[in-house]
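Each in structure tokens, the structures are laid out below.
Presented sequentially are two complexes of chain A, the first with chain B as partner and the second with chain C.
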Partner chain A sequence: MIAKILPKHALQNWIETLREHYRIIGPKLAQSQFIFGDIHSADELDLSYPTTILPPKKVLLPQREDLFHFDATGDTHIVEPTFDDEPTVILGIHACDMHSITLLDRVFERGTADQHYQTRRENTTLVSLECIKSCSEYSFCKSMGTLSIPEDFDLHITDLGDEYLLEIGSNKGVSLLWNFNEVREATDADFERLNKVMSEKWSHFTYRVDFDITELPALLSLSYDSKVWEELGDRCLACGACNIVCPTCYCFDVRDEVDFSLCSGGRFRVWDSCQLDRFAVVAGGHDFRDARAARQRHRFFRKGKYLTEKYGVVGCVGCGRCAQACLVHISPVDIFNELHRRRVPSAATQEEILA
Partner chain B sequence: MNTGRQMTLEAPSIYQPIMLSILEITSMTEMEKVFTIELPFPTSLEHRPGQFVQVSVLGVGEAPISISSSPSRSKSSFELCVRRAGALTNALHALNPGDVVGVRGPFGRGFPIERFRGKDILFAPGGLGLAPLRSVINEVLDDRSNYGRIIILYGAGQPVEMLFQDELQEWAMREDVELHLTVDKPDKKWKGNVGVITTLFSDIQVSPRNTVAITCGPPVMYRFVLMELLGMGLPEGNIWLSLERRMKCGVGKCGHCQMDHMYVCQDGPAFSYAEIRHLEEAL
Partner chain C sequence: MSSTKPKIAFFDFAGCEGCQLTVLDSLQTHTELLNAVEIVQFREAMSERNDDYQIALVEGSYTRPSDEVRLQAIRDQAQIVITLGACAHLGGVNAVRNAHRLEEIKRYVYGEKAEVYEAASARPISDFIQVDAFIPGCPIDREEFVRAVKSLLQGNLPDIPDYPVCVECKLRETGCVFLYGKTCLGPITRAGCGAICPSFGVGCEGCRGLIPNPNMASLREVLSENGLDEMRVKAKMSLFLTNQIATSDMEA
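Right, the complex of A and B next:
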């Protein structure tokens, strides 16, 4: 393993150096909560952040993204696609969010590749951060198997106390340390410190899901007609907050806008939500998912089954943002456990069955 | 197969429409017009019957529209039958020949017509459902000797709402096509059957295992048509449908057309009933 040691007091200089070549995005305080935002100096960056309101999805798949501009002023209509290739570094990504990026990469690569996502992704360098304590009372990454970072990082930071250990995962990661001489090679003693941090961290996280999460797709299959969905439908306000804050929700709407000339303008995509009324409406007015219960079921099936089966990675990374954002406290942990409880008869009911 | 340049694969962005001229616009009914779109050489559509394109009016938006012309007749142009139903389709209806529209596609899986060769084919379109099925009907008629009986059961609300009336007459004249029409509300001149499309099924006898049925219509129609077809003894795999959804991307990303785990824009819009019967969100 190639690793470097960055003293914490050198962070400011490192960020200054990076800013010459990259837009830097990282966790920073915005009023009372943390966000991924532009980092101009090391003072703004807080690598001990709990969790952010929105995941780094907002950088890779912006809430609003231009697809093309058009000009229909003359005889020929000009359509010019737009791509964002600004070199960007996202600093301090938690493991759960790294797993969500693995999923997004597969979604926008497989089948028909999405050049808008891919252009931005190719020009983005991911600097992940080792999670050494639980970041939120809502998170359940340990249960989802997303507490260890996937291999897609370019650079991975572990906080060793007074220094950071930087593991290099790719050439993009190497580039971040190019011509920066305030790092030194990691020694055996540093790796010993790393091992200590790694072995101690697990006890700071708890398992919150009552069963082995690899059983989730099968559990959902058995629970398609469960009453749980009706109960959820009765509670859900259909506000869509869960989708918006979810790092693995990527559904979008496509819209046009024109400028004052009415001849030129653009087409853009915006985040959409399967929980909103009219998400599955067709021209004749028929709504293929008009019940909130059906929409909630669709959401949980996407997270726990469809995405996993299609892309081979977990569709819910256990960040807990949706549970925190939900006004009526709908939490994936509660739903998964409730589905499991209803499928697996308790000892008492088993006795009843046998009696 | 046309060896020309397929449109969408060439574009730097999968969301970028190719701008094409409208060659001709024919009013079918008060609500529907047929747009003939020019394909300047070497552009080609290379679609399969049952596929759709995403049609744009710049500044208004984009919507999925099924291709109405058959591949056998879509060399230098293709046809879209469009009902005025929303912002995009209203904007389309306001256009004139010579105006340009944006086109992406073709997308989706069409009908596997090679597998239907040698079989009797029963078409059961309802209303606007004739638009996508006309593509299959003409493809099959242009290769007539490779198929058995061709039966078309077409139902519309009123006689004036019947689409492609010239072609309906042509089909009625052909001895190798069995055409049966029905309307819910007849006018004074109507001499044919009155009633919903299912009332036509009692007029025909089929050999169930050698018949492929292809149906397309409003969501409410499927349940009743399926009951008739299954009742006639057609295997579920011999019954084909074209499903409608409001695709925003056409390439399996945007999520709008998802039904259970399937994406209508990728896995369909043509499905056999055997493929979707267990999906609660399909019909």
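Right, the complex of A and C next:
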């Protein structure tokens, strides 16, 4: 492991140095909750943040993103794709959100690679942050196996108290420390401190899912006709908040906008949500998921089965944002556990059967 | 000189005329609008008046039987009728009166002269004539109005969002007002306003009307769980939604 030590008091200078070459995005307070936003100085950045309203996904796949613009006003018709290649650093990404980026990378490279995503991704440097305490009462990363950082970070920060240990994961990560002389090489003593933090952290997180998460795809397969979905459909407001705050949701709608001349304009995409009433409406007006129950089932099958089968990584990273955002208290942990409870006969019932 | 620009006329029924003011305002911020269309009638803004129009934009709610005659004349002339704002779309705040006996309301407002004035329930325009599209809100959103005009220029009807305000709140990362002990009709109300009220810490009052298929029962439970008693839930839902709730409850 190649690692450096950054004293906390040098954070400001580091950010100033980085700002000469990069746009810096990090967790900061907005109203009374945290969001990922532009960081201009170390005062704004809060690396002890709990969780954010939207995940850092929004930097790589913005809520509204221009795809191309056209101009047919003159003799030559112009159609030009729009790419955002501004060098960007996302600072302080929690492990769950790093896992979601691993998934998004796979989603947007498969088939016809998404050039808009890939351009942003290539020009973005990911600085992850070791989670050493639970960030929210809703999170369940330990159960989903997403509490350990995946390997595709560029730089990984662990808070050692008065200093940060920076583990270098790639050349992009090396570049962030280029010409910055306020870091020093990590020593054996530093690695010992790191080991202590790493071994102590696990007890600060609890397992909240009652079964081994590798059973989840099979459990869902068996639960397709469960009554749970109807019950969820009765409660669900179909407000779409769960999808919008989810770090692994990536569905979008594509729209056009023209200028008054009707000869120029552009195409853009906006985030969409499978919980919304018209999401599955097709030509001719048919809606193949018009019931809220069917939409909720679809959502949980995406998170617990389809994405895992298609991309080989977990589709829900246990960040808990959807549960926190849900006004009717629909929580993946509760749903997974309820499906498991209804599937497995209770001990008492088994005894009754035996008797 | 004959013009190929679409001829547009504005009409007002019962309302505060705030939507027409928003249109006037948008003519100043988007002056291209004036080159794109020909306005032939707009009492709020000009003295000329011509009844040769293709597109009628109707603001305000129906509130008296004689409105029906005027509305029918507009429908007979216009190829496209579009309502402007919550009053025309839903009956608006005016429909608060629908919960009371009309005779009592008339006496309260007009006193001894109650019998002189004509009045009826406040109703949406679409209860009386066929409406091709609506631009919702109290008042309308300026950018949405501009987009609607562009759609019309392209030969399309305006594309108004049919998802709830919660989507826009989350997209712009506004903290949910329920977290601050307030209540909000965002989960059942049509978006398109950019969630402007919650962004100022105020819960949505539903001025853009219900989304298709709102889960009313579940939202009522949420409101009750967050401290609104039945009377206050009813009050909240009758500021803008009187006519729609009456319909959706009948269907439920």
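By our rule, the second predicted complex is superposed on the first by the 349 of 355 C-alpha atoms of A that agree within 3 Å, B and C clash if a C-alpha of one lies under 4 Å from a C-alpha of the other, contacts with A are read in each partner's own complex, and residues count from 1 in each chain.
As a convention for this text, contacts are C-beta pairs under 8 Å (C-beta built on N, C-alpha and C of every residue); 3 or more make two chains touch, one makes a residue touch a chain.
None of these values were measured; they are calculated from a predicted model.
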| item | value |
| --- | --- |
| Joint occupancy of chain A by chain B and chain C, clash or fit | fit |
| Which superposed partner A:V258 touches (first chain B, second chain C, both, neither) | both |
| Which of chain B and chain C A:V183 touches, first, second, both or neither | neither |
| First (chain B), second (chain C), both or neither touched by A:F70 | first |
| Contacts of A:P81 with chain B and chain C, given as first, second, both or neither | first |
| First (chain B), second (chain C), both or neither touched by A:H116 | first |
| Contacts of A:I132 with chain B and chain C, given as first, second, both or neither | neither |
| Touching partner for A:V197 - first (chain B), second (chain C), both, neither | neither |
| If touched residues of chain A are counted for chain B and for chain C, the larger one | B |
| Where the C-alpha centre of chain A sits as vertex, the angle toward chain B and chain C in the overlay (nearest 10 degrees) | 70 |
| Which of chain B and chain C A:D234 touches, first, second, both or neither | second |
| CA minimum distance (chain B, chain C), superposed complexes, angstrom | 6 |
| Footprint overlap on chain A, where chain B in one structure and chain C in the other make contact | 257-258, 262 |
| Chain C-touching residues of chain A, taken from the complex the two chains share | 30-33, 35, 53-54, 63, 234-241, 244-245, 257-260, 262, 270-271, 273, 276-278, 292, 325, 327-328 |
| Chain A to chain B touching residues, read off their complex | 67-68, 70, 72, 76-77, 79, 81, 83, 107-108, 111-116, 224, 250-258, 262, 265, 267, 269, 272, 274, 279-284, 286, 288-289, 294, 298, 301, 305-306, 309-310 |
| Partner chain A, residues of chain B touching it in the complex | 11-17, 19, 56, 58-63, 83, 85-86, 89, 100, 102, 218-219, 244-246, 248-249, 251-256, 258-261, 266, 280-281 |
| Partner chain A, residues of chain C touching it in the complex | 30, 32-33, 35-36, 147, 150, 153-154, 162-164, 166-167, 169-176, 178-180, 186-188, 211-215, 217-219, 221-222 |
